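So, here come the structures, one by one.
Shared between the two complexes below is subunit A, which pairs with subunit B and subunit C, respectively.
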Partner chain A sequence: MTRSLIIIAVVAALALVAGAMLDPRGYVVRVVCLMLLAASLGQCWNIVGGLANQISLGHAAFFGIGAYTSTILQLRYGISPWFGMLAGAAIAGVVGLLISIPTMRLKGSYFALATLAFGEACRIFATAATGLTGGPQGVSVPFLGNSWTMMQFRGAGPYVPILVGLFVLVSVVFAILSHGRLGYLLRATRESEDAAEAAGVNTLGVKLTGSAISAALTAIVGTMFAQFNFFIDPDIVFNPTSISIRAALIAIVGGVGVLTGPIFGAVVIVTMEEVLSAYLSNQAAGIAPLIFGMMLIAIVLWKPAGLSAISFSMRRMPS
Partner chain B sequence: MIAFIQALIDGVLVGGVYGVIAVGLSLVFGVLGIVNFAQAEFMMMGMYAAWFAWRYLGLDPLIGAVFSFLVGFGIGALAQRFLIQRVMNAPHVSQIFLTVGILIVMENAALLLFGADFRTVQTPYQTQSLQLGPFFVSVPYLAAFGMALVVSVALWLVMARTWIGRAIRATAQNAMAAGIFGVDAKRVYMVAFGLGTGLTAFGGGIILSYSSVSPTSGAQYVVLMFTVVVLGGLGSVMGAIIGGVAVGIIQSLSTLVMPIQVQNLALFVIFIALLTFRPQGLLGGASR
Partner chain C sequence: MTALLDVAGVTVRFGGLTALSDVTFNVQSGEIVGLIGPNGAGKTTLFNSLAGLTRPTEGRIVFGGAQMKGLRPHRIARHGMTKTFQNTALFPGMSLRDNVVIGALCRASLKDARGIADECLAKVGLLKDADSDVDDLTFPQKALGEVARALATGPKLVLLDEVMAALTPTEMTAIMASLRALRDRDGITLMIVEHHMRAIMELSERILVLNFGKLIANGTPQQVSADPQVIAAYLGSSHAAH
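Then we have the complex of A and B:
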């Protein structure tokens, strides 16, 4: 636990220093923000995907709920995204809980399929419910000038401390879950559901708690993304590839089920995305995701015995 | 009432084609025990193959679909041999992410190669329909349904009457026992996977006769395809055909009561409910 907190503190401090030293309107600061967002998103996925080993391909559902809830509340009622964020987290937590009651009983590929379908259902709903969401045209966060209370700034610089806060929140929750009682229960459930059940673990309850927490945190990441990006539409925030699968990829690249996984993963993935889009920007749409797909295949073939095997070797290190 | 029966007719015709697309997915799962998330991308590939056969060889997509099958079979068999085979005994996580990786690669390779444009074909019968009393039967739907029937019968003959068909069924039932009788499981897996992706690509080819293709065509059909298969029971070939018709009818009837944009929403809800309450399929008898 101490080791985890030290890692979180070091990464947070590095990001804060970078944010303070770099040009607040510059490109590098923007990349730091993207990395913090990516690491937070991957860590949310890691709670369900890593600790419970339930492979979700539908986390975009919660990301989108977070992004839309705060943005709609702000547009319609002028409510600050700080409160919108909490509302989004609450809604996503409840939705995550409700959808998990039926789906969490499913195993392996069936769970992945059900979550994929759920994410897609949310995307279609957001596209069709024009009155609520603005439909496929999307909605913009109105720019009212730099403001901490409205969580919006012209350059990327001021977002760094906010996103570091998000990163710390998500990471500390993961560390507490991972080292605490729920983490052991989740892992026991992952290793053998029957054995855990026999030992008196309420396996469904444990998985539901984990997924509700993961969903609520993912919604917070979604709100912050909306504030950072100033524009959302159903295909951006409910996207199965660039949100759901990317969230899983970030955790997998760095190592599933460990705190450091999504941090490494975010640095690798965001760096690659930026390098690729810098060199190949307009001439070849699709080359960055193509390379991600290849990376995913390469990682799986490199460790076919189990992606979580990486995490086991890490966890045996003294903590 | 007339609108209801009309929707029923359209649903059955379109659903037959869904059956062919999904039968490939079902075959792959039944024999290899792998849920292939990339399956719909083979359909997209089949649509492109049929489009090129139409554009450069002047072939009707219903005939060009044979070309789609060959492309789908070839690429599928290679993908199985060099990628899928390595995770045959690996945990679900690896299988899921390998096929998801293949999905992303195929979709974006299509985007790089063919661009994001929607492509369509023109056929002489495209806008024709037959009138039966108060009802209309769309000729392209009917022709596609006919091809779907032909292929289903052909598949049934291959599975029931040929050596490779028997070997595939034997391996699906018990790979070790089949091995003792001299069936090379690795080869069966490769052929079965190729056959599965080839059939899905074929389905893509015939769908092209009344729709359009773009790199995201596959993504639009992923959930539909899985709904069909889960409805009929994962792994059951006959179930996939019946499931396809059922999904076609559900989709077509739901347009009567819901706006067209939420048409697929009904499917998703049914899909999640099915997975939850009857993961073995409504028809039961999954072979795996």
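Then we have the complex of A and C:
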């Protein structure tokens, strides 16, 4: 626990230093921001995927709700994304709760498929509801000049402290959940619902709470992505591969249910994506994703418990 | 005096199979009641129905004056009736203490739950193993860990499903003493499913016998062991003929 918090603090400090020292409009700072967004997304997923072992493949639903809610509120009513973010989180939290009522009774791959379908339903809805979302053309966040109150900047540099704050927030929430009362109840529910119920645990309530928190935090990541990217459309923010599956992948590669898992996963996956697209994107079509996939398989076979377990492996045995 | 647990006409059907048929009995506060019967007689199904893990098709289960049938198991546990699991169902990958803490969380903060957990572990003689990972415990330790987790919920009645399986005679004597102490010292009513006849005859004041889902006897250990129907159920009907 202490070691994990130190790693989080070091990562946050490194990112802040990079943001302050390097060219704020440069490539490296942009990549740092992408890593922080990815790590935050993975950490949100880790709450349900790691603590409750509910492998959700529909987190794009909440990500997209967050991105669209803040953007629409800003476009139509000039509301700052800081408030839009909270509205998005509230909506996603309620949606997360509602969708959980039918899906939480499903186990394993059935749950994964149901959530995947739900995410896709949201994408199709966002594409069709042109009056609300602008439909497939997407919407742009209007640029009003660099502004902290409107959470928007020309270069990536000023986003670094905001995204560090986001990553620290979701990590602290994860740490509190995992070491607190709800963490105990989630782990018990994950291991045996019958035994947990007999021990007085309201397993359904516990799972609903976990998924509502995870959904609300994911929406916050979505808002920040929209502010960072300045443009969203249904295929970007409700994307099953680049959002939903990626959220799960980041946590799985880094270490499911581990506080430091998502940051390990995010650094490795974003680096791989950037390197492959820089060097292989003009090669034969499909080479980059093929190598990406093979590397992921290799990582998961090499460290099934996730990359965050590497430095642990020598000290872990006696515990 | 009204019974702590009043079970009337409980029937459980799984599709075409009747696992329990019209089971009626009651348990007074402070009793130790044994439940025996051949394999497949419906003992675990009865416990699961009482604890809410299986929903009875028909019948009434009144516990502490309140209707339990149809409540979810955690509601029943919070009313004061809980069960342990045959073959044990401790949460793997956690310490024994954390397992017991989970039982205490339904009535205490996380901080207080740790204290309750240690008290409950002490009651079953497992405090020294509190920090062990449950995967490293022996089977008898796991079974006692289950009892400790059940105690942590603050129960009035605990349904013990084969907690004495795989014990040596010495271990069995020790466990029987701690179970008796739960009743004598803590006032907890116990219902016990057990295959080991010496243990259950010694421990129980009253014994219920299930056979093919029907309650065929309900009396003191002496009455039950002399009952021709019980002998027939255990040894085959030819032995009961004379």
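Operating definition for what follows: the second predicted complex is superposed on the first by the 276 of 319 C-alpha atoms of A that agree within 3 Å, B and C clash if a C-alpha of one lies under 4 Å from a C-alpha of the other, contacts with A are read in each partner's own complex, and residues count from 1 in each chain.
FYI, a contact is a pair of C-beta atoms (placed from the backbone, for glycine too) under 8 Å apart; a residue touches a chain by one contact, two chains touch by 3 or more.
Fair warning: this is a prediction, and the values are worked out from it, not measured in the lab.
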item: Which of subunit B and subunit C A:271 touches, first, second, both or neither; value: neither
item: Contacts of A:196 with subunit B and subunit C, given as first, second, both or neither; value: second
item: Partner chain(s) touched by A:290 [first = subunit B, second = subunit C, both, neither]; value: first
item: Touched partner set for A:188, first subunit B, second subunit C, both or neither; value: second
item: Set of subunit A residues, in rising order, touched by both subunit B and subunit C; value: none
item: Touching residues (chain side subunit B, partner subunit A) in the complex; value: 35, 37, 83, 86-87, 90-98, 100-109, 111-112, 116, 215, 219, 222-223, 226-227, 230, 259, 261-262, 264-265, 268-269, 271-273, 275-277, 279
item: Contact footprint of subunit B on subunit A as seen in their complex; value: 53, 55, 57, 99, 102-103, 105-110, 112-114, 116-118, 120-121, 124-125, 127-128, 240-241, 245, 248, 252, 256, 284-287, 289-290, 292-297, 299-301, 303-308
item: In the complex with subunit C, residue positions of subunit A that touch it; value: 180-181, 184-185, 187-188, 191-192, 194-204
item: Complex contacts: residues of subunit C adjacent to subunit A; value: 51-53, 72-74, 77-78, 82-85, 89-94, 98, 101-103, 105-107, 109-110, 149-150, 152-153
